[in-house]
């Protein structure tokens, strides 16, 4: 049972192939780190997986949309709505059984229960990030798509995200994340895909050697870090 | 090969055009009420037809663009719209000149003239939108949707304007009234003169398509260069 | 189907609630429509009898100008924090997203129109409630036409530079047929003359415009949002 498979995917921007012949699969309860420089195609793949964009050629297989979560570069919550309203709204979109109780439960989890009814606009940066994480995990997704999750988060939110990701993995969820922060990503990852100019330069299991010397991956497979 | 085909079409258009000019000035007489100026109809009406054809072609190409994600179809839709606008402009200008001489005013709210102006505004928006989108694939997608909307709206407008103007008759005689009185030789000339205009439209579109292809190649090269 | 409607109403409710809390575009467009009504009084003599003949046109020009402010916000509202990406990635059908936003626009526009109408009546000494049923019908149908085309174009232009300029440039010419019908009918409805005969043609045109553009938008919205 392979929940995620990407088969011979191409993506053109005009006549320019931003992705060329991308192939990989991912098993349940595992985590794939998408590595590569800016413009290598990491975001493009994630956007195709999240359904924000379509592949020009090839096929993408994913779990049901209702079981998928996406976190982009930005937090994706509404400033005018309160924390609780935000979660209730997304709970409804993701067809969560009981949006109100799940929303309250998750507000507890990200320590925002005391400000549940305050508009998100009034929150500090860190609080907004935690609210975004609650939004991502609200419907207990089986598939997490995270685009550069560590870049914009503060320390507390990073710690929380790592906890949540570990829990999700234990639950059997698969995770795909793109990142620059090699150390954080490689510790979690079970599989690594390195992209260079829209093509896969390396695809294989994560090894201890990679964690010890992340730069070696780039040295050996083209494209410097 | 394509060059020769285009040159051949151009030559054919020129020959037909000269022949039509000869016939319309030397063989078909002046119109009873209007005198010599009525001959502008041989350009006014075929230009209107040509613009309409271009809009239809561009709508079909846009639907194909959405269906097949084909950038060449998108380039065709854009070229056909541009050329259609050029012919709509011919229709507008000849209409205005004609109106100035016969009715004494530069602009009459005649249905065909009003329609040509509105279609100009609608498709001008389409072309303006294209300029604002950088990624060729996204541009193709979005502008194809706008094109389908534009065509639908322009088609409804055509109907609406005829109703509007028949309810409020303009203070001047309408061209539509003159249609019934037209001499068969004159009507034939309107269609005969449509052929060189259609040929010209085809040539313009072909040239624009070639430019667009070159632009797409350039864009891809630029992106490739920037990706290093 | 019920699920689709629930999601649609969730989107519409979200938009209306956000707008109600900030009232940014609501206040702006109400103020704007009153200013335009005032400015028109300098262009024409409001006391003259002939005012009644172009009253319908005047009213709809005001609604159009004010409406552009509202529809422009429709998808732009999703831009801060990249909420639009989250919505597209969610299982929410794009048609429900679109319809919900169109309903929110429609509601806000109707509020603005119903506030402007009495002001218009006072400024131009026009009895606008002669035929309330017809007036509401025309308001509803034309406002829906503006909302549905406006919302789709708001989605089209949401990522563009010069969004605020691009939207009216595209929107106004495309709405001409609906506006022609609205102007024609409103002018009749503001008098005591019954709507009938030739004017049914315009009612049909409005109904046709609504049906055609609503179905076109629902059919094409996926192409617009998933890039």
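Remarks
Note that the chains are named A, B and C in the order they appear, and that numbering of residues resets to 1 at the start of each chain.
Basically, a residue touches a chain if its C-beta (ideal position, glycine included) is under 8 Å from a C-beta of that chain, and two chains touch if they have at least 3 such contacts.
Everything quoted here is computed from the prediction, not taken from an experiment.
Comparing the centres of all chains, each the average of its CA atoms, the largest separation from chain C belongs to A. The most central chain, judged by the distance from its Cα centroid to the centroid of all protein Cα atoms shown, is C. For the pair chain A and chain B, the distance between C-alpha centroids works out to 50 Å. Note on chain placement: the centre of chain A and the centre of chain C lie 38 Å apart, centres being C-alpha means.
Annotation: 31 Å between the Cα-based centres of chain B and chain C. Residue positions 227 of chain C each touch two or more of the other chains. Chain A has no residue in contact with two or more other chains. Contact of a single residue of chain B with at least two other chains is seen at positions 137-138. Listing the residues of chain B that touch chain A in their complex gives 69, 71, 135-138, 216-217, 219-220, 223-224, 226-228.
Interface residues of chain B facing chain C in the complex, by the touch rule stated above, are 66, 118, 121-122, 124-126, 128-129, 132-133, 137-138, 141-142, 144-146, 148-150, 152-153, 156-157, 159-161, 163-164, 167. Chain A contributes residues 12-16, 18, 39, 56, 197-198 to its touches with chain B in the complex. Within the complex formed with chain B, the chain C residues making contact are 149, 152-153, 156-157, 160-162, 166, 169-170, 172-177, 180-181, 184, 198, 201-202, 205, 208-209, 212-213, 216, 220, 223-224, 227. On the side of chain A, the complex with chain C involves touching residues 50-54, 64-66, 68, 70, 72-81, 85, 89-90, 92-95, 119, 135, 145.
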